[in-house]
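Got some structures for you, see below.
One chain, chain A, links the two complexes that follow: it is found with chain B in the first and with chain C in the second.
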Partner chain A sequence: MNQRPFLRSLVSPAALCAVSFAAALAAVMQYSLRAYVPGSLEAGGFTLANFVALVKPLYAWVFLETVWICWLTAFFTLIVGYPLAYALVHVRHAALKAAILVITVTPLFLGEVVRTYSWIVVLGNNGFVNTMLLKAGLIDAPVQLMFTRLGVVIALVHVTLPIMVIMLAAALSHIDRDFERAAASLGAGPIRAFLTVTLPLSAPGIIAGVTTAFAWTFSAFATPQLIGGGRVNMIANLVYQLGFASFNFPFAASLSIAGLVLTFAILALMRVAARPLERLGPH
Partner chain B sequence: MKRLGLALGAFALGTMAFCLVPAVAVAQDKLVVSVWGGSWRDMVAEIIGSKFTAATGVPVEYVTGGTIDRLNKEKLAKGNPESDITFTTSHVGWLYANDGLYEPLDLGKVPNAKNLVEQAKISPYHVGTWAYVYTIGYRSDLVKGVPFASWEELWGPAVKGKLAAPDFDPSHLITVAAILSGGDAASWEKGQAKLKALKPSFKAFYTNDANSQQLIASGETPVQVILSMNAHFMVSEGVPVTLAVPKEGAVLGIDTIAIMKGSKKADLAYKFINLTLDPQVQAEVAKFKKGSPVVLNAKVDAAVANLPGVFTTAEQWNKQAIIIDHKLRAEKTAEWRKWFTENIMN
Partner chain C sequence: MPRLLRALGGITVLAILGFVLLPAVVVTLAAFNSRAIISFPPEAWSWRWFAKAIAYEDFRTGFRNGLIVTAWASSIALVAGAAFALALERYEFRGKRVLEIVLLSPLVVPHFTVGLGFLILAAQLGVARGYAVIVACHVVLVLPFVLRSVYVSLRNLDPRLELAAASLGAPPERVLTTVTLPLLLPGLFSGWLFAAILSFNEFTASLFVTVQRTQTLPVALYNYVREFADPSMAAVSVLYIALTIIVLTFATVFLGLGKVLNVEPSR
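On to the complex of A and B.
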């Protein structure tokens, strides 16, 4: 007897979605192999020139920059998100738990553009951060945060935080607290118990969170576009700049395909690298 | 269970079909106008659409979207257009025309077209509706002692690390650099070295009008290659922006109007275009957006007519506007964009 009979009823819509996505991807693929005709919306004949044109230091640099920004974002989101997730799971006071949840998840309910414009106000030379630092006497002149990699990463961490916290909280909530109590009964202090018991057992959540944050950030557009101001570019910005803003859809398609391949390659590498850590999780 | 699955699939297909069909259905009893959203749509609706409906009894429906979104949608709907009339920028209009999306215009059916300035007669398919310039706008409280009487001053030390320009269209600076180097838009390569020398002046590149306004209002980029209408808007908001028209001229932009090929409302569309070029309507548009009318008999409010970058006489059009050939611009945009991204932005 089928244990999940409802699954069968979802096959048709799922297949329809899969076919639609595959068709869209095939369309992008075929565009990437067609020639750009200046002044026309129609693409020309078959060519590999779009991919050949990608072999330039500039594009390699933007691809590397994208990977680096994704890593930084995933790392700092983990650093900020772990304490929040831990508190979310272990705080007993219902109101406090709700407050943490609301503060954490609220960014998901704001549009990316709204969030990003808010960060422009915060990070600008006359923004909140610089004003506070100047008033506190910690700096003599505004620190340049806008149009820098640091500014882009700060805003991306904010965008990615809810996903990380939700994934970490799910992992932490599955850890039996008796393990920590056992460690304590054997003489381990709270920090040692956390580092030797809770942290290793939450490894699967950390891996899932970091992987998702990485992939989530890879397609970032509005944040690097507005905070980066054309000085910090990720792949999606390059696709926009070279493809859509100039109607060169074939070249934009080839950039998109290259970005997609790079994403898959890095996620595969991450999966291989994370295997030893996964073994630390609960069995 | 299988039936439920099929029903869900059919529902999904039906929903998709429903999303694709309504534009065709509503086109029967209205004039459908494709235009940008926001204040552009409001302006067309309030100043032109309402008068058109009052005169003809035919309601106007607006299809709004970005320049490229609307272009793509019309390309997909070729032969059975989503709209009867399209507003778009002059060089993008050439992309529509080159792909056979526009109906040739018979200006004999547009009496008000006899007053069109020559520069607004873009092609046999589309004509100008209002104009603006991209020129130097700066915060006079933050950048002192530089009058920007010439584009050359952008290269000066006072602008180092202060300049922003649009990231979506480098044609203004590419053409200006070519002119300063003894060339023009067609021989733009002459200005490449000059433009590379401008790199130290750039602080950022803005991505849309709102971004431009925010960056100049906050003083983050106190000098911009800016849309004149944006600069005038910021002044009205109390931001001390000064707009300069350098001696070489300001780079002209014209938004245009055309009838879509396959429209079944061509007669009404001609009436709409004629109304758009009506001198009274043109004066109202100029006042609303602080741009230039494209007919010479518009009685523009003196306060608007005196603004820099607003042209109301043939002499101003001839002497103050740098005009990039619209067809050339349509053909060169991708090449210029790629070069600018590779050599200036990165």
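On to the complex of A and C.
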């Protein structure tokens, strides 16, 4: 008798998906090595020119800007997300817990465009924040938040928060509460117990959250496009512009590949740097 | 001291929840403002932007296209993902690790790269940019979520139930359809729901693979925001937010969203 019933039919649909995804990535790689034929969607012969052209200050600047924005976003998302995750895990009232959970994950399901548009309404010169500050007499002229890095990062933190909270809460919920009780019974105050017991034990969640936040932000397109308005450019925006404004798909492809390599390199670096931290966590 | 800390913590959490809710609240205020320019606070209230948004042709087509793509993509992802999760949990086979890595990697590969890839692939294969390309792209993007959801429920399934059925003489097909699948139903449903929501909202990759005729709702919304500044878009946002909250509340109450997301305490 067959020891693995249906194995073939179980695996083949997924295998088909995997093949189509691999083919799509291979297509990007292949195009990144092809010459650009102006005015045509077709690509020319094989060349390394696209990658050579990447070494221009303009592109280096966009890469730096992207990585910097990803860092800022990941960092502030962690700061804002930790208290929320802690509350989510430690609140005892069931309805309150459910409310916190629903509010926290809502941005995740709203879609990039709706979220970004809402932030434009909040951050614009005639937007909510500026009107309120002007009315309160705290400022004389609107604070420029649209088309600035600050505005982009605020909106990106909002987008990334749910996934950060989910990852932190998953880590926090698996910490044995007896450890904290033990610390308290040995005379540690709540702050000390948190800093020396809970925080280190949640390190795996922090690492997972920061890495995911970084990767997600790297992928963001609508937010820097609409809130940055061309003045804050990330790699995603440049790729889109190259593809659909100048139809230079080979160069867009090489930029994507460079971005992909950069993401993986940074994620790998983060993992290495986090190794001593990880040792603090539970095994 | 602990009481003071508690109060401080409570205020911090409230402030953060306020930050999360702020755009939704503000956009709702803007949607009911009767003036054509966004301003605060609204001077007069009206429903007219809702009427305008619902009547807008691009939004209607976008909504329809979005439903078509979502229905196909989430269903295909459900079948492929659930089947593979079953194989992943039960069997050892050649290429298992590689396949798993490839199928989970869309989680870390930027969506613009995936979209660009499917666009170039379609061009190279000479396939027109129709629904098939969009659906294929979405399936790849949402599959990891289905895979994870079904895999988690499989791990929580008591294998003795299947063994009992088999020992009573049920052939493998019968065990699968009368024991395994019914027990997996909540996991399958939440995986499908997750996939459907993500596919319906997917924007960046869709922007690359859609054309005017096939554009999904997020792409139509994006094009609108770039051209017009009236509050119709705020009205659509409010409808979106209301729908999302209803679905999420449903998911929390009936499915245990906390368990699905794995944030429930271990004891």
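Here are a few things to note about the model shown:
FYI, the second predicted complex is superposed on the first by the 270 of 283 C-alpha atoms of A that agree within 3 Å, B and C clash if a C-alpha of one lies under 4 Å from a C-alpha of the other, contacts with A are read in each partner's own complex, and residues count from 1 in each chain.
We adopt the following convention: a contact is a pair of C-beta atoms (placed from the backbone, for glycine too) under 8 Å apart; a residue touches a chain by one contact, two chains touch by 3 or more.
Since this is a predicted model, take the numbers as computed values, not measurements.
Aligning the two structures on chain A places chain B and chain C in clashing positions.
Applying the stated contact rule after C-alpha superposition, one finds that A:Phe147 touches chain B and leaves chain C untouched.
In the superposed model, A:His174 lies in contact with chain C only, and not with chain B. Using the contact criterion defined above for the overlaid structures, shared-chain residue A:Leu260 touches chain C, although it does not reach chain B. Partner contacting the larger number of chain A residues, of chain B and chain C: C. After overlaying the two complexes on the shared chain, residue contacts for A:Pro13 are found with chain B and with chain C alike.
Using the contact criterion defined above for the overlaid structures, shared-chain residue A:Ser185 touches neither chain B nor chain C, since it reaches no partner. Shared-chain residue A:Ser118: touches chain C; no touch with chain B. Shared-chain residue A:Val105: touches chain C; no touch with chain B. In the superposed pair of complexes, A:Phe247 makes contact with chain B only, with no contact to chain C. Working note: chain C versus chain B after chain A overlay, options 42-50, 60-68, 150-158 or 222-230, clashing stretch identified as 222-230.
Counting contacts by the rule stated earlier, residues 5-6, 9-11, 13, 15-17, 41, 117, 120-121, 124, 126-127, 226 of chain A appear in both its interface with chain B and its interface with chain C. Chain A meets chain B in the complex at residues 5-6, 8-13, 15-17, 36, 38-42, 56, 58, 61-62, 117, 120-121, 124-127, 146-147, 225-226, 229-231, 233, 238, 241-242, 244-248, 251. By the touch rule above, chain A contacts chain C in their complex via residues 4-7, 9-11, 13-18, 20-25, 27-28, 30-31, 41, 80, 83-89, 97-98, 100-107, 109-122, 124, 126-128, 131-132, 158, 161, 166, 169-170, 173-174, 176, 189-191, 215, 218-219, 221-222, 226, 235-236, 239-240, 243, 249, 252-253, 256, 259-260, 263-264, 267.
Against chain A, the residues of chain B that register as touching in their complex are 1-2, 4-6, 8-9, 11-13, 68, 71, 75, 94-95, 98-99, 164, 167-169, 203-207, 210-211, 214-215, 218-220, 327, 330-338, 341-342, 345-346.
Residues 1-2, 5, 9, 12-13, 16-17, 19-24, 26-27, 29-30, 37-41, 76-77, 79-81, 83-84, 86-87, 90-91, 93, 99, 102-103, 105-114, 116-121, 123-124, 136-137, 139-140, 143, 172-173, 176, 197, 200-201, 203-204, 207-208, 218, 221-222, 225-226, 233-234, 236-237, 240-241, 244-245, 247-249, 252-253, 257-258, 261-266 of chain C are the ones that touch chain A when the two sit in their complex.
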